[in-house]
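Dropping the structure in here first, questions after.
Chain IDs A, B, C and D follow the sequence of writing; residue 1 opens each chain.
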Amino acid sequence: MNTVSPYILLSAILFSMGVIGFLTRRNAIMIFMSVELMLNSANLAFVAFAHQWGQLDGQMFVFFVMAVAAAEVAVGLALIVTVFRSKKSANVDDLHQLKG
Amino acid sequence: MSRELLGTLTWLAPLPPLLSFAVIVLFTNRYRQISSAIAVVAMLTSCVLSFVVFFNAVGIGNLGEDPIRGIAYSFIPTAGSTFNIGVAVDPLGATFMFMVPLACSLIFIYSTSYMASDPLYTRFFAFLSLFGGAMMGLVVSDNLLSLFVFWELMGFCSYALIGFFYRKPSAYKAAVKAFMTTRVGDMLLLLGIVYLYTQTGTLNFFDVLHNAKVLETLAATPAVLGLGISAAGLIAILIFGGTVGKSAQFPLHVWLPDAMEGPTPVSAMIHAATMVSAGIFLLLRFFPLLQVGGPDNTAFMVVGLIGAITALLGATIAVAQYDIKRVLAFSTISQLGFMVAAIGIGAYGAAVFHLLSHAFFKALLFMGSGSVIHGVEHGHEHVAHAHGDEHGNAEELDHDHGAETASAAPAFDPQDMRNMGGLRKRMPITFYTFLAGGLALAGFPFITAGFWSKDEILADAFHGLSTGSLISTIVFIVLAFSALLTAFYTARQISMTFLGEARTEAAANATESAPAMTFPLIVLAVFAIFFGFVNVPKDFPVLGALFGPAAGWLKSFISTQLVELQAFKEEAQVFNAIPLLTSLVVALGGLGLGWLVYGQKPLKAGQTDPVEKLGGLFTFLHNRWYFDELYRVIFIKPLQAIADNYSRVIDKGVIDWALEGLYKLGVGIAGALKEFDRVIITGGSDLIGNTVRSIGREGRELQSGQVQNYLLSALIAAVVLMVFFLVLAQ
Amino acid sequence: MTSELIVFIVLAIISVLAAVGLLSSRNAVYAALFLILNFATVAVLYLMLNAPFLAIIQISVYAGAIMVLFLFVIMLLGAERLNQAAPQPGLRWQRPLAIGLGALLLIQAAYVFITRFNSTTVAPNLIQAGPMEIGLKLFGPYLLPFEVTSILLLVAIIGAVVLTREK
Amino acid sequence: MLVVVLGSLPLLAGQNLVGFANMTALDGYALFLDGLFAIVAIVIVLLTLRYNQDRGIMRGEFYPLLMFSAGGMMLMGHAVNLLIVFVAIELLSIPLYILCGLARPRVDSEESAMKYFLLGAFASGFLVYGIALIYGATGTTQLSEIARKISAKEVPETLLLYAGAALVLVGLSFKVGAAPFHMWTPDVYEGAPTTVTAFMATATKAAGFAALLRVFLFGLAPLASTWQPIIAGLAALTMIVGNLVALSQTNLKRMLAYSSIAHAGYLLMGVASGNAAGTTGVLFYLVSYAFTTLAAFAAMTSLNTAAGEDQSIEAYAGLFRRNPLVALVLGLAMLSLTGVPPTAGFVGKYFLFQAAIESNLVWLAIIGVLTSVVSAYFYLRIIVTMFMREPVAEPQPLSTANLGRSVALAITVIGTLVFGILPAPLLQLVNTAVTAFGVTMH
């Protein structure tokens, strides 16, 4: 193949699915996995574009996205655990004290 | 005295009251006497400084072209130009430097006695000082920005002082109302300022307004938004927006009558020396911008019409009020309308003249009414020993039907003129000074300042009429009629208050006020009578010749201010008897009518006021044309509704909001249809109404207030945003 | 049809199916496993796109370490059974809407990408993207973000400790 | 440490360097923002010392996390590469997620942290994907390169570029709290510890705008004709939503959250005008807004009682009688937020309106003016409540004065007043910053 367009299209599909997952799932862990899917699709786009431009920079970006994602995961899971402890639930619908 | 020294003095003039504010707030707020003494002394100092500047300024021949300037300091050094803040005194500023500190000083002195028993005495003087200082600062500002700063400062002071009796709900409502209403005008003014700055790169009055080239460029530039008027016109109208707010012109006049919820000296400050004058002052400052468009241009038309409407509106309402201060408040609105209308027909000098004479007699009337209220209150206390009301803390009966007044059911209202009568004998000094002020307001011929200034406006309007100017014609007719009403309600007020027999025990036992209160009244009465002679028209029969070179002094002094513009040249006027006769007829006619109705057979206790015989018209006028109610329905309710609903919407998520809108729309349509059914078809079904309602109910179940709802709406926005980007990219 | 395209299509189908599985599974553990499958296929795609080092990292860090963390938390909380029985009343509306919007977003993206089909070509020269090249870049021009990222990880450690520590 | 940073700034002034493989810039713009963030952080630390004690948040981690976040913000100011923008956003956000949750086990604090985290993660997703698309279109993440390539018409796939710009705008809009991406703001602000809220409302917003300015006015400047109307629309929506909804709030912290949304709208107006005047306006406004908002929050934290903090506006009734000094500070802050001269808020608004009018966005300026009239109503309500109402409850014992807090109050009040009365020196700094920023637009 001499174009990366199919890869980009695939990444767009995955990104949209991540967004849908984020909005439709109620469980914080599932929502969080959807975020990972979104980031992962962005990574795919980066790698594809890096291939297209014949550069390494896109790949470098992916490296950092992964590292940041790892940090986010650590904090996010810690938060989920904390909330779970006090609410006995990982359901985001139960987070509705603050509104108006 | 050298100009440098005068410039320095001008810098110093507004400072003492501002400093006294700081000193009172920070150091002496526990000591009542010291605080009031500081405030009075500071104001007097400022007064002396101003007088020195004024009397020197009068002697300078070319003050108009070359005003006294103080050293400027650099405020905002923007990339292109530097923004300097300085002070300047030109003829307009000079006349204000005479009137403002004088009136303020007298009000301060008066307050020491009037507020004597108030627990928040020191706070009162602090704010009063700030108020006076801000007005002084506004007068000496040489640029629009610092003027705006002082302008807003005054807005804040008026807010704090109107709401001074903050325990009275009507007082803080009035304070908020005043602040909000004037702020609408302020924002227009701010837009005008910014627009002026983008057009000219400066906000200095003298760089813009004394520069024929800049003015003509502005007049030649078409305004933004394709309004079909020149930039000069648009800026003038925007700035006029500020005046409309501050000087209580229609349609933003609603705050001023409520502003008398504040203590009476504050009313005097607002109605005479500071607030409302500031608005007119600003408009006078920007007169060249109006002028540059030529006679009868859009901006002039707008100003003239608003002024005329306001004059009429205020005068008609004042006829049907019982509250002594409320009558005066509406008369202020009406008189301000006179001034604005005068500016609208290009009668610059007449407007200044009327503003100054009005400031004196209106301050006099307000303080006189304060003295009356004070006296009646004392009488009331004398009668009912047990009662220890705070001054001015009386509930109003005539418009506030809230629960708070119900508790104090048979409250005695010392401001209601129906409770007065016969005060002439009890309070002679107050009576004679009030009479002087009243006659000046009514325009009693020849011996009052009000006559000369009003006559000047009518004469100029008539002159415009004779040259075929549309706006002048309107103004002449409307103002003449308003002047008639003015004379009438003045006669009514004086008769109801002072003449006849006392209608209540309180009035029968009223006592004359203390010298600290009557002294300012006397001084102002002198001005109310004699101030008019500074500007007797040169060609006036007999008197003009009598005054010789001094005749028409004010007008010639003030007019050096204006640049000669091609578009607008004021021709020398010839004396004409028609406006003079008009003035005489309306003033004497109104007073005579009032005397016939009220003076001859004074009201007895319990007798209804003859104006009430007007029936529906009376109710309409008494309720002030229902403006407050109208505004509540048009502006306040919808805004509140939007805000309330929106927070519910957030709660439910955006989709729900849309559905609810649909539901409401459906209910509305269904309601209309139902009406249609009922009237036309009789019977029919609610099918449509029910369907939409059920959709809405379905939507309501969405209610979650959840993160994901937030994101859903965000996602909608994101999708829309993408579409926009992609469409715009094409 | 080149062999590369065939492989791509197969992998693409697998990854999309895995994502569908992630979105629809009722058990969090299954969902996590689907996500790992997705990551793995994407790793193969990386290989095809001349990014061998990233492919390895994808497997070891992403599919390995991060997802293990997920599984660990799921097990710890005992939250694998996803309570789909009692959806909030709003869910009925929200789900189709979210899917619709997602589809719209996809259509927009597709519109953008399809207009570029075959319009651009891959750069002729294949770059070297092995560990050495990446390493040189990382400690050369990308030193600053690298250091920042290390701080970020430190923050994450502190955060995890602070948030989960019992008093 | 922050003092050291602040102290070192004058030494670096006048430099105009690009470092770390052209990824960061050391220019007046960055230094200006560094200064702002350092001052904000100092004030927050001063406030927090006592606040945490009052609220029983005994965690030493608070300070390093705050420092990391401030560091991320500073990095954001220096960023001239989209990679750094991304990393900086994460560095400033992740500590904040944790800080929001620090008041645990209070449930609202946890909820606030969770919501912030979820929204933040979602926004990062959009941001990263957007950056990916921009990279795909231009082959670089270097802002100057992007700008150069677009101007030189070396970007064949403009659609890709526009889609990327849209996604980046979405991501950053989340961060600055622009409508309709603002909905997390009130919830998060309300639940977080008050000092953290103050930090988010001022510094995070400033960092978000720092990034917006760099990305849109520098990197994507050649696309101005496209993004200008869109950002203008966002600005209008944000001003309207923020001000209107604030009208019906009964919780002071929530009201301030909506007010922060509204102010983001005014700031966006400056971004939308896309000229040097707009940049000046935004920078000046960021400073004035930061001081004012900090003053408001500082006053709020002074009112903690042993029982906790009562955030409802009702609780402020008659405050002037109970605690005149705090009431005055809060009153001043409200006046400045309304934009009443001679406070800093007025000068800032003035510049923003001017910028909008200069770039022919008169309608936007009019919306701004109208909404700020509306805003006067709810700010004023606070003043009325404090000064003109009787205290509803028994006067409660207020937490006693504290040196750190007093200093913080003094700094913010002085800032609010001085920049209102004598804006010239600050404006000089802003102008230096703007010149360095090199707005390359019309």
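In this text, contacts are C-beta pairs under 8 Å (C-beta built on N, C-alpha and C of every residue); 3 or more make two chains touch, one makes a residue touch a chain.
Quick caveat: nothing in here was measured; it's all calculated off a predicted structure.
With contact taken as defined at the outset, subunit C and subunit D are each touched by A, B. Across the two candidate interfaces, A-B and A-D, the one carrying more C-beta contacts is A-D. As a whole-number value, the distance joining the C-alpha centres of subunit A and subunit B reads 61 Å. For the pair subunit A and subunit D, the distance between C-alpha centroids works out to 26 Å.
Spacing of subunit B relative to subunit C, judged by their CA centroids, is 67 angstrom. Inter-chain centre distance (subunit A to subunit C, centres taken as mean C-alpha positions): 6 Å. Within subunit B, the positions touching two or more other chains are listed as 647, 650, 704, 706-708, 711-712, 715-716, 718, 722, 726. Among the residues of subunit C, those in touch with two or more other chains are 88, 94, 98, 101-102, 105, 108-109, 111-113, 116, 119-120, 142, 145, 149, 152, 155-156, 159, 163. For subunit A, residues touching at least two other chains, in rising order: 8, 15, 18-19, 22-24, 26, 31-32, 48, 52-53, 55, 60, 64, 68, 71-72, 75, 79-80, 82, 92-93, 95, 99-100. Taken pairwise by the contact criterion, the protein chains are fully connected, each one touching every other. Those residues of subunit C that touch subunit A in the shared complex are 2, 4-5, 8, 12, 15-16, 19-20, 22-23, 28, 31-32, 35, 38-39, 42, 45-46, 49-51, 53-54, 57-58, 61-62, 65-66, 69-70, 73-74, 76-77, 79, 82-84, 87-88, 91, 94-95, 98-99, 101-103, 105-106, 109-110, 113-114, 116-127, 129, 133-134, 137-138, 142, 145-146, 149, 152-153, 155-157, 159-160, 163-164.
Within the complex formed with subunit B, the residues of subunit D that make contact are 115, 118-119, 122, 126, 158-159, 162-163, 165-167, 169-170, 174, 180-181, 183-184, 186, 225-227, 229-230, 233, 241, 244-249, 276, 280, 335, 340-342, 346-347, 350, 353-354, 357-358, 360, 362, 365-366, 369-370, 372-374, 376-377, 380-381, 384, 387-390, 422-424, 427-428, 431.
Listed in rising order, the residues of subunit C touching subunit D in the complex are 108-109, 111-113, 115-116, 119-120, 140-145, 148-149, 151-152, 154-156, 158-159, 161-163, 167.
Of all the residues in subunit B, the ones that touch subunit D in their complex are 74-79, 148-149, 152-153, 155-156, 159-160, 163, 166-167, 172, 175-176, 179-180, 183-184, 187-188, 190-191, 194-195, 197-198, 224-225, 639-640, 642-644, 646-647, 650, 654, 707, 710-711, 713-714, 716-718, 721-722, 724-726, 728-729.
Residue ranges of subunit A in contact with subunit B, taken from their complex: 19, 22-24, 26, 31, 92-93, 95-96, 99-100.
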